[in-house]
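Labels run A, B, C and D following the written order; every chain starts at residue 1.
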Amino acid sequence: MSTPALELKGLKKSFGKAEIIRGIDLSIGKAERHAVIGPNGAGKSTLFNLITARFAPTAGTVKLHGEDLTGLEPFQINRKGLSRSFQITNIFPAMTVFENVRCALLWSMGYRYSFWDMVNRKRDLTEGTEAVLEQINLSERSHLPAGTLSYAEQRALEIGITIAGGANVIMLDEPTAGMSHSETDYITDLILKVTEGKTLIMVEHDMGVVFGLADRISVLVYGEIIATGKPADVRADARVQEAYLGAALEAEH
Amino acid sequence: MDLILVNLIDGLVTGLLLFMLSAGLTLIFSMMGVLNFAHASFYMLGAYFAYQISIALGFWMGLLIAPLIVGVLGAGVERYGLRRVHKYGHVPELIFTFGLALLIEELVQFIWGKNQMPYNVPDILNFTAFAISGAAIPAYKIFMIFVSVAIFIGLLFVLTKTRVGMIIQAALSYPRTVEALGHNVPLIFMGVFGVGTALAGVAGVIAGPVLGTFPGMAFVLGSIVFVTIVIGGLGSLWGALVASLLIGWITTFAKSYNIEMENILNGLGISTPENLDESIFRDLWSLTSPQIADILPYILMVLILIFRPAGLFGKRST
Amino acid sequence: MKKTTKLGAVSALSLVIGASAAFAENIKIGFIDPLSGPFASTGANGLHQLEFAADYMVNQNGGVLDGDMFEVIGFDNKTSPKESLIQLQVAIDQGIRYIVQGNGSAVALALTEAIDKHNRRNPDSRVLFLNYAAVDPALTNEKCNFWHFRFDANADMKMDAMTDVIAEDDSIKKVYVIGQDYSFGKAVADAAVSMLDEKRSDIEVVGNELHPIGKVKDFTPYSRKIVASGADAVITGNWGADMLGLGKSIIENGFDGPIYTYYGAGSGMTAAFGETGKGVIRLVSEGIVNPPPTEEASAYYDAFSAKYPEGNVDQTRISNTVGMLAEAIKKAGTADDVVAVAKALEGMEYQTIWGSKVMMRPEDHQAIQNINILNHTDEDVTYTFDSSTFGVVNEATVEMASADIATTCEMKRP
Amino acid sequence: MSQFDPDTDLPKGARPKEQITTDPSRPSERMQFRPLMIAVAPWVIASAALLMLPLVFTNNSALTIMNQMSITIVFALAYNMLLGQGGMLSFGHAVYAGVGGFACMHIMNMSDFFASFPLVILPLFGGLFGMGLAMIVGAFSTRSAGTVFAMISLGVGELIAACSVIIVAFFGGEGGVSGDRTYAQPFFGVEFLQQIEVYYLTAAWVVLSALLMYLWSRTPVGRMANAVRDNPERAEFLGYSSRWVRFYSFVASGFFAGVSGGLFAINYEILTEENLNTASSGVILLVTFLGGVGFFFGPIIGAVVFTLVQTVLSLQTELWAFYAGSLFLATVMFFPGGLAGLIMMHVPAFKMGRARLLIVPYLRTLLPAAIGILGLAALVEMMFHFRHAATGDNEMTLFWTTFDSHAILPWIIAGAITLIGLGIARATAPSLKDAWNSANTAPASQTVKGGAA
C-alpha cells in the first residue's frame, strides 16, 4: 500500500482542562476526497488547525506523505504541499483579485524572497494567475479590490488562493457556509473541478455537498471519530445516525 | 544601610507618580488600542492649571479643580477628536495624539510663555517630615505617597466592586461582547479617557512643584509611561503598579550607587586594557550606573518584549 | 518679534521669486538661537537683549559709519545643529555678514565649522561668528578659527575664577562635582578637579559624577548622595531644567551649603528658586547688575525694563558684543569687509558700560574680562530678575580672569 | 457576518481591518497593458524637474532647503516601506539613518581611504551601515508586527540615541562628528565646493533611491510585504514566513534610511545626536503620514510640505509648530489618506472627464475658507503679539500690512475676515458636496462598474 497523503496518529488537543480533540487516528489516501462532519462544537475546525500547525497538538503526530510535520511552522507545511482555506473568509481584502491569486503563486513558482524580479514582467506569473482566475470564473473581476466582491465570489477567490500554489493536499473549512442554494451548487461544482486528481479534506455542514463530493466521510463527535467510511456505510452506521445524522437524514428523505 | 531605606522611599515616590500616569494610560490603551502620546501633555496641563488656580485660590483648590478640568478636556478630546479618527484605524489615532501633544505644548507656551512657572510646594507642607541619618524626607513626599495610594485604592475599588468597573473590566477583554449586551461602549470610552487624563492631571498637580512646571515637562517625561505599561502588561492595573514601582526603584538605586562597568568587567575576569584612552571601548569601560539609569527601563522593556511579549502581568500578547 | 516677522516675510518672498535680498542699507545681524521648543525662553531672552542693545547703543546714537543702522534678524534653530546650518545659509543669502549665537556648544561647534568652510569656499560672502554664550573651551582651542569670536569667558576660565573664590573660603573642605553627561559637563568636572587640586590640595572632591542630559525627571537620588557625602559645596555646570531640578532637589533634601553654578539665574530660574535658593545659589558670570556699577548701566537697565518688564539683562556680554562690533566697524571703516572688521576686533580693548574692560585676545579670539561670583538673594537687589523680588548680587570679582590661560589655538589668518 | 476572529478580536496596532491604504498594486497591473512609456513618464518628468529647479531657485538657501527636502524624501520613502507597505510602525527609525550618516562621517575622516573614491558613492556606505544595523535589530524585532514591534523599535531607538552621548568614540558626544566632503577624489573635476554641485548629487541619489524603492514594491518580496501587512496568517498559508517578509522589508528600509543619512553627511558635513533621537523618529512618522502612507508618492509630498513648514514658515512666525500641529490634526481628522489621498480622491472624476464640474464649486468654497483660515491665523498672531511682544512695541506686520496690535480696528478687520470667509465657505459647502457627488457619478447613459464607493 502506498503512503497515505495525510496520516493522523493519536492526535490530542486540550485547552486548559478541556480536551477538545481526544485522540484521532485517520489516514487519507492520495487523490481521495474526504469530508469531516459532525455536530457543532465537535472540534472540526480545531482538527484543521492542528493539522496546519495553527495550534500545536498536545499529543500525537501528523504526517504528510509519510513525513512528520511536528514542530513545523504553517508556511513550512504549506511548502510541503498542503494548503487550506478558512471558515471565515480569509483573503487580502485591500488587494485586487488578480493580486490575491498572484501572491498565492509566488512561492510555488520559485520566486521566494526575490527582490530582483519584477512581478508584472513575469509572463509565467501573469499566465498562471489568469489560468486560476479562469478556473474560478473571476477573470472579469480581476482588477477589483477583493474586499468589494460578493460573499460567494470571495469564497470562490479563497478557494482559488488555496489551490493556486499547486498543493496536492487541499483542506477546505466549510466552503459553502452561509450560502444560498444556487451559490452552494456553484461552489460545489467549482470544488469538483479544481480538486481533480488532488487529495481533498473538507469540513462541511451541508449534507448535500458532503454526499455529492466525498469519497469517504469521517464523523467527529466530541473530539473523537466515531465512524469513517464510504458515504453509504456512514449513512448506515447506527452510532452515526444516533449521534448526529438522524434528524438530518430524515429531513432529507 | 540607612541610605537603602531613604532610596526605597524616594523610589516609591517616583514609582507612584509614574503609576498615576500609567494607570490611566493602560486602561485607555487596552480598551481603545490607542497609544496616547498626548497623555504626558495632560499631565503638563494638570500642573499649569493647578498653578494658575493656586495663585487665586491656593494649592488645595488647585489639587481639587485642575484634575477635573483636565478630565473634562480629555473627555472632550475623545468625544470630538479621537472618536472621529477611530474609524480610520490605529495609526491615524496615534498620529492624532502625536499632533495633539505638539499642539498642547504650543498652547501652553502661548498662554504661559516659555519660562518655568514659580509653582511651589504649599507652605503647610514645606517642612522636613523626618530625617534618616541626615537625609531629609520632605513632608511633601509623604503627602505624594498618600495621594497616590489613595488613588490606587479608589481605582481598585471602582474597578472591582462597582457595576461600572465590572463593565470596564469586561470591555477590556471583550469589547464587542459588552457592546452586544447593550452597554454604551462609546460612553465608556469617553469616561475612561476622561478619568485616565484626569489621573494624569492629578500627577501633574502634585509633581509640578517638585519636578518643575515648564513647557518641556511633558517631553522630559517622554515615552517612559509607555515603557511602564508594556512592562506591566497591557490592561493590568496591578501590572502598571508593579512596573511603576520597579522602574522607580531601579532608576533610584542605579543613580544612588556608582556601580562602575570597570568593576563589573573586572569581576567577570576581563582585565582593563593597558592604554584605555586609546581603546575604542573606552567609553564602555568608564560607564557608571547613574549614566545609564534612565535608559535601564528601555533595556528592560526590550528584553521583556523579546522573551515575554505579554508583559509581566498581561494576559494576552500585546 | 516685529522685525522677525517682517523680514521673515521678505526673505520667504525673495526665496519664492529667487531673488537676492542684499540691498538694504542696514548692517544686518543674524541671531541664530532657539526661538521655539524647550530652550526657547533662553533664546527669546537673548534675542530681546540683542535687539535692545543694538537699538540703545548703536541706532539711537545715529548708527555707525554714515548712519548705518544695526538690524537684528532672529532665526529659529530649534536647538538643532541641522536647522542652524539651514538658517545660516538663509541668513547669508539675505546679505547677513554677522552671525550671533550662544545657546548650545553643539550648535556653536557646527556653526563655526560651517562658517569656516563657507568662508573658504565662498570668499565673496564671508561671515563672522560672534559667540556670546557657548563656552566649550574647544571653540577657542583646537576648533578655533579666524571667523569666530567669543565674548563670554569659556568654561575653564569661569572655573578658574570659581575655584579662586572657593580656595579662599576656609570653611569649604569637601566639594561635590555634578554635571550633565556631555562635553561641557565633562569639561567643567575635569577643570574643577584639576584646579581645586592645584589651588587647595586639602579640599577633597567627595563626588564627581555625570547624569544624562535633559532626561532626569527627579534628582532626588543624586541629592541624597550629595547630602550623604558631607560636602560643603557643590559645583555644577547644569543649565535649563536640569539646573533648576538639581538645585531645588539638593536644597529640598537638606543641603545648605553653597551651590556654585554657571547658569543658575534668569530665564524664570531666579523666580522659581525664590526663597529656597537664597544664600545657596552662587553664580559665576561676567558683568554686574547689582549693585549697579555705573550710571550708564543703570540707565541701560532701566530702559530695558521699560521695554521688557518681564525680561532680564542677565547676559551683559550681549551689550559688549554689540558695542565691540560697532567699534570694530568704525575702526575698519567698513561693514562689508568682514576680514577688516575681524582684524579690528582682534586685540581690541573695550570699556563696557558695566564699568569694566574687555580685551579680545588675538591668539584665540577669546574675550578676557572680569569674572564675578554672584549671590542669589532678595537683599539689596536693585535689579531683580523674572519679575520676582530676587536677583543676583556681586560677591567677588576676579579681575581680568585667566588673561594668561594657555590656548592650543593655531589661528589661520586669511 | 462578523469579520473578526473572536480570539484576536482586540484592537491591535497593525490589525489590518481598516487599513487606510489604497492598493498600490493597481497601477502595476495597468502597466502591463500599457506601453512602457507611461510607466516611465513620471520618472522622466520628475528628473527633468529636479534638473530645472536650480534655474528657478538660484540662491544657496533655496538649494539648501531643496537638499533638505531631498534627504527627507529618501528617508520618508524608506520609512513608508515599513509603515505603508509593510504595516510596521516604527518609533525609532532615525537611528538607521543616523548610524548610516555617522559611518559616512567617519569614512570622510579616514583621509586616505576617502581620497581614493569619489564622493558620489559615499551614500552607498551609509546604506550598507544602516542595513547592517537593521539586520541586527530586525533579527529579533520582526518576529511580530503590531505593538510589540512598535515598542521594540521605541526601546532600541531610545537606547541608541542615549548611546550617542555615552559612546563618544563613535558618536562624538554632544558636538557630534564633523568632516569635510571636499577631501574626496574629485568626480570629473567636481570637488563639491558649491551648494549647486551638492544639489545635483543629492538629486541624483533621490531619483535613484526612489526608483529602487518603487521597483522593490513590485518584486515578489515587496508584494508579499503588502500581503503580510493585510493578513499575516493567510500569507503563512501561502508558503511565506511573515517574519522573514517583515525582516526583508525592514532591512531594505534600513538601507535606504542609511542612504538618506549618507546624503545628510554630505550636505551638512556634521552629524549629531539629533540625527538619532526619538524626536527625529517621530517627525519622520508625521511627515510620512502627512503625505499619505497609502501611495508610493505620498511621503514625497509630505517631505516637501513639512520641510517648507519647518524651514520657511518658521522664518515667518514663532508659532510655526502650532500651525504644524494644527495641520497634522486637520489632516488626520479630515483626510486620513494624507495629502496624497486627497489628490487621489479626484482620480475617478478625472477618469470620467467630469473633474471640471468641480472647479467653480471649489473656488466658491475653498477660496473663502482659505481667506477665513488666514484671518484666523492673523487673529492668533495678533493675540500672540499682544501678549508677548515688548511693552511699547505695539506695531506688528502681518501679510505685508503694518498696524497697531493694541488698536481695536485690526482686530475687527481680522475677525470680520475670519467670520465672513468661514461663513461663506460654510454656506457654499452643500453645493460643493452636490458637485462632488455629481462629478463622481457617471451620467445615466454610461455605466461604470464599481463607481465611486
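The definition used in the following text is that contacts are C-beta pairs under 8 Å (C-beta built on N, C-alpha and C of every residue); 3 or more make two chains touch, one makes a residue touch a chain.
This one's a predicted model, so the numbers in the text were calculated from it and none came from an experiment.
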{"item": "Most widely separated chain from chain D, with each centre as the mean of CA atoms", "value": "A"}
{"item": "Distance between chain centroids, defined by C-alpha means - chain A, chain D (Å)", "value": "43"}
{"item": "Separation of chain A from chain C, taking each centre as the mean of its C-alpha atoms, in whole Å", "value": "75"}
{"item": "Inter-chain centre distance, chain C versus chain D - centres from mean C-alpha coordinates, in Å", "value": "37"}
{"item": "Separation of chain A from chain B, taking each centre as the mean of its C-alpha atoms, in whole Å", "value": "49"}
{"item": "Sites on chain A at which at least two other chains make contact", "value": "none"}
{"item": "Overlap residues in chain D, where contacts from two or more other chains coincide", "value": "19, 162, 166, 321, 388"}
{"item": "Sites on chain B at which at least two other chains make contact", "value": "113, 222, 291-292, 294-295"}
{"item": "Chains touching one another, given as label pairs in label order", "value": "A-D, B-C, B-D, C-D"}
{"item": "List of chain C residues in touch with chain B within their complex", "value": "36-38, 40-41, 44, 181, 209-212, 214-218, 220-222, 224-225, 227-228, 241, 244-245, 248-249, 252-254, 267-269, 271-272, 274, 310, 386, 388"}
{"item": "Parts of chain D lying in touch with chain C, wherever the complex brings them together", "value": "56-62, 64-65, 68, 162, 165-166, 173-176, 178, 180, 182, 193-195, 264, 268-270, 272-275, 310-312, 314-318, 320-321, 381, 385, 388-393, 395-400, 402"}
{"item": "Partner chain D, residues of chain C touching it in the complex", "value": "1-2, 4-6, 8-9, 11-12, 14-15, 18-20, 35-37, 40, 44, 48, 75-76, 78, 80-83, 85-87, 89-90, 92-94, 105-106, 109-110, 113-114, 117, 121, 136, 138, 181-184, 212-213, 215, 306-309, 311"}
{"item": "For the chain D and chain B complex, residues of the former touching the latter", "value": "4, 9-15, 17-20, 83, 89, 91, 140, 144, 146-148, 150-152, 154-156, 158-159, 162, 166-170, 278, 282, 285-286, 289, 293, 319, 321-322, 324-326, 328-329, 332-333, 336, 383-384, 387-388"}
{"item": "Of chain B, residues touching chain C in the complex", "value": "3, 6-7, 10, 13-14, 109, 113-118, 120, 128, 131, 133-136, 138, 210-212, 214-217, 219-222, 224, 251-253, 255-256, 258, 288, 290-295"}
